[in-house]
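Labels A, B and C are assigned to the chains in the order they are written; within every chain, residues are numbered from 1.
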Amino acid sequence: MGQNKTSDKVILEIDNLAVSYGHVNALKDVSLTVNEGEIVVLIGANGAGKTSIMETVLGVNQVDSGTIKFQGKDITNKPADKIVRSGMFLVPEGRGVFSSMSVTDNLLLGAHHNLKGSKEKMDYVFSSFPILGERKDQVAGTLSGGERQMLAIARALMSSPKMILVDEPSIGLAPKIVNDIFEILVQLNSEGYSILLSEQNVYKALKCAHRGYVMETGKILLSGTSEELLNNSEIRKAYLGA
Amino acid sequence: MSLPLYYYLAIASIYILMTWALYLPYRVAHLHFMVVANMAISGYFGGYAATQWGWPFGAALLAGMLIGALLSWLVSFGIGDAPTFAVVIVGFTFIYITKTAIENWDLIGGTMGMFGIPMVKNLLLYAYLFVLVTGIFIYRFDHSRLGRAASAKFVDKDLATSFGVNTKHLGMFLQTWAGAIGGACGVFYAFFMNSLFPDFFTFHIIGTTMTMLFLGGYTTMWGPLLAAPILWGLPLILPTSIASWRQIIYGVILIVILLLRPEGAVTRQFIRKIQVKLKLVKLA
Amino acid sequence: MEIFIAQVINGLSLGSIYVLLVTGFNLLLLVAMIIHFSFPVVVVFSMYMAWIVLGLTGNNIFLGVAAGISSAILFNIITAPMFQHIMKKRGEVDINSTMVLSMGLGMIITDFLSHSINSGFPIAFPDNLTGRAAGPFIQFGLISMSRGAFLALTVGIVFVTGLFWLLYKTKQGRAFRAIAEDPNGAKLVGLPILKTGLQSYALTGFLGGSTAILMAILLGSASPGLGDQLGHKVLAVSIIAGLGNLKGGLIVGLSLGILEALVQGYWTGTWSNAIAFVIMLIAILVKPKGIFGMKL
């Protein structure tokens, strides 16, 4: 599987997290960890709470109880811009690129908090994603779905993050492009980025991740290494159709 | 009846009707300030018809309503389904043009105003009968399929379409109805005051009626009915030195209510509670 | 022909005032997500503050200008929390409420001006500010340009250019445009929404305060009702151009200035002002969503 060596050092630690929207409980008693250099995948159907975890970690949702620690520091209920500044970046579901703005502008938005060295970062991003370099003056609205996903990932890299959250990257993309995206994620991981990924494409996600958590209705049902999960009979039945 | 009380009740009836005229199109999130222009145009028409052609009050009222409805109906072809701000600006522009026209038209008195509109016996009674009838119609509308569709459109346009209601026609209907009420208000006002001045039909009526609508609550017809007499009466019982700050007082009330209780004093839940207390409906 | 050229030049000066007002209004709409109907009322309020300070300091132009600009910035920043309280969600209903809130603020300012300052009579700005006594600044035959008109036009061009530079070439401007396109997405990439919103209040305050000074120079006087009238024109221009469309606002704002100047050049009397309104009314009734399309 060509995975990166991981360390035992925890980069993200979520402890007994609970979040509600009004009267609806979105997350109940969620605990998970991501070690430095790991790809960890969240598996679950629509509405299982994957996006809620991502957005809560990023500081968009109000936490009812529980704690979130990033690089050893408590970031529970800190505003999103502070958390992004501290080295975490989200690649949102549905890409979240600004379609009326140019590719360059979208990339620079990723570097909003630290424009120093953005020229070099941009060169690095364009060397990794040559297609974006070709289209750097086009508005993002003219890009294809796969190109937008690359732009969203490249934008995350512009912020020089320690950790990247990637929410449902494969949604709405052709299988061939999905493979490309997963390859990119593995490549990034080997360069040292820790990644928390959420996916419905369970087989492919587990193939590239180190560990995984299975979610249902806001709770974590199961966790384990990718191999354990791939061999788990319930998961095979529920998600892999075998 | 004492004269101050008579005038209080007279103008209170006008403000109730005017606030309802704002309330109806606001059911589909339209702030239809054009009703103030309707009030001026129909008021002047009614006054002119009574003084120059000797029309009786009833004929003037009917004509005023028809003119108000007709104008609003014609305009609603443009803004029946327009965004709120477009409706607002059309209203303002109509008021401005109407006022300029009145001020420059010597036939109807220009800036001097129009005088000698005849007194009508039992006018106050007619006014409140009109309030009652209008209220019944609004109540019927609010509890109809159209009324529910309007509430849906206020929140979400697509949802309203799923009720099978043509939202443009609904907006046009409400604007036209509001125009008719505005026209009636103008004729009542002309016969109450027996004179008309262009200065009355300006932005301060908008501020006043808007405050009445938002303080009372724009989700039920009862809010305006309650807030209009109170807000109109408030400056009358205050000492003159304070009462002359009326518009500022209204402005502060408007801002405070928007910040603290955005749906206004009388909300749907509030009405429901009262109905439950009075055992009009069973607890759901 | 000379009258025509002269009026077009006058119209451009007046139009650049409209453009500045519309641009401030549109920026608040795009970045702070409010319909600040009374933004021009705040501008007129700043004219009054400048007038008061001019009177108190024996027509010290520097202090007067400073008072005008700072009062608009202060007013915008002080009222910002009220708007932000209402504008938590970005829905049509909430944006309507911000317009009503703005109208409430406008009611208070206008009534305050007509009650408490100069007994409600129009105020006149001193000659050393307006430069009226000095005669025309530029003159070719019938075509002449007052200092005020010249200033309004040049400052208008400089400010609008500066603003577009800021929007398209700076980090802050990029954040403004991102929030204007998708506030939620902007939050997810870690843009500080409230702080950026507050910056837009301060920026438009600066823009409004500067416009107040230009108006004092160009018009030479102000009255309490001026703000309502301008508020009304600015919203109309913005709608005709397409709400939130900055470039459209530029074109329609200048056109309205030229239109008004031409009407006044060829047709005197109280009706001339109404003509512009009739044309605006027709434009809105025919195209309630604007000529150049909404950018919301």
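Criterion: a residue touches a chain if its C-beta (ideal position, glycine included) is under 8 Å from a C-beta of that chain, and two chains touch if they have at least 3 such contacts.
Owing to the predicted nature of the structure, the values given are computational and were not obtained by experimental measurement.
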| item | value |
| --- | --- |
| Chain-level touch network, classified as line, ring, star, complete or other | line |
| Chain occupying the most central position, where position means C-alpha average | C |
| Chain pair whose interface holds the most contacting C-beta pairs | B-C |
| Chain centre separation in whole Å, for subunit C relative to subunit B (CA means) | 31 |
| Subunit A and subunit B: spacing of chain centres that average the CA atoms, whole Å | 54 |
| Whole-Å gap separating subunit A and subunit C, where each centre is the average of the chain's CA atoms | 44 |
| For subunit A, residues contacting two or more additional chains | none |
| Parts of subunit A lying in touch with subunit C, wherever the complex brings them together | 55, 58, 60, 79-81, 83-85, 89-90, 92, 96-101, 105, 108-110, 112-113, 115, 155, 159 |
| In the complex, subunit C residues that touch subunit A | 171, 174-175, 177-178, 181-182, 185, 187-193, 195 |
| Subunit C partner contacts - residues on subunit B that touch it in the complex | 29, 31, 75, 77-79, 82-86, 88-90, 92-94, 96-97, 100-101, 103-104, 154-155, 203, 206-207, 210-211, 214, 244-245, 247-248, 250-252, 254-255, 258-259, 262 |
| Residues on subunit C engaged by subunit B in the complex (per definition of touch) | 35, 37, 82, 85-86, 92-93, 96-97, 99-101, 103-108, 110-112, 115, 228-229, 232, 235-236, 239, 243, 270-271, 273-274, 277-278, 280-281, 284-286, 288-289 |
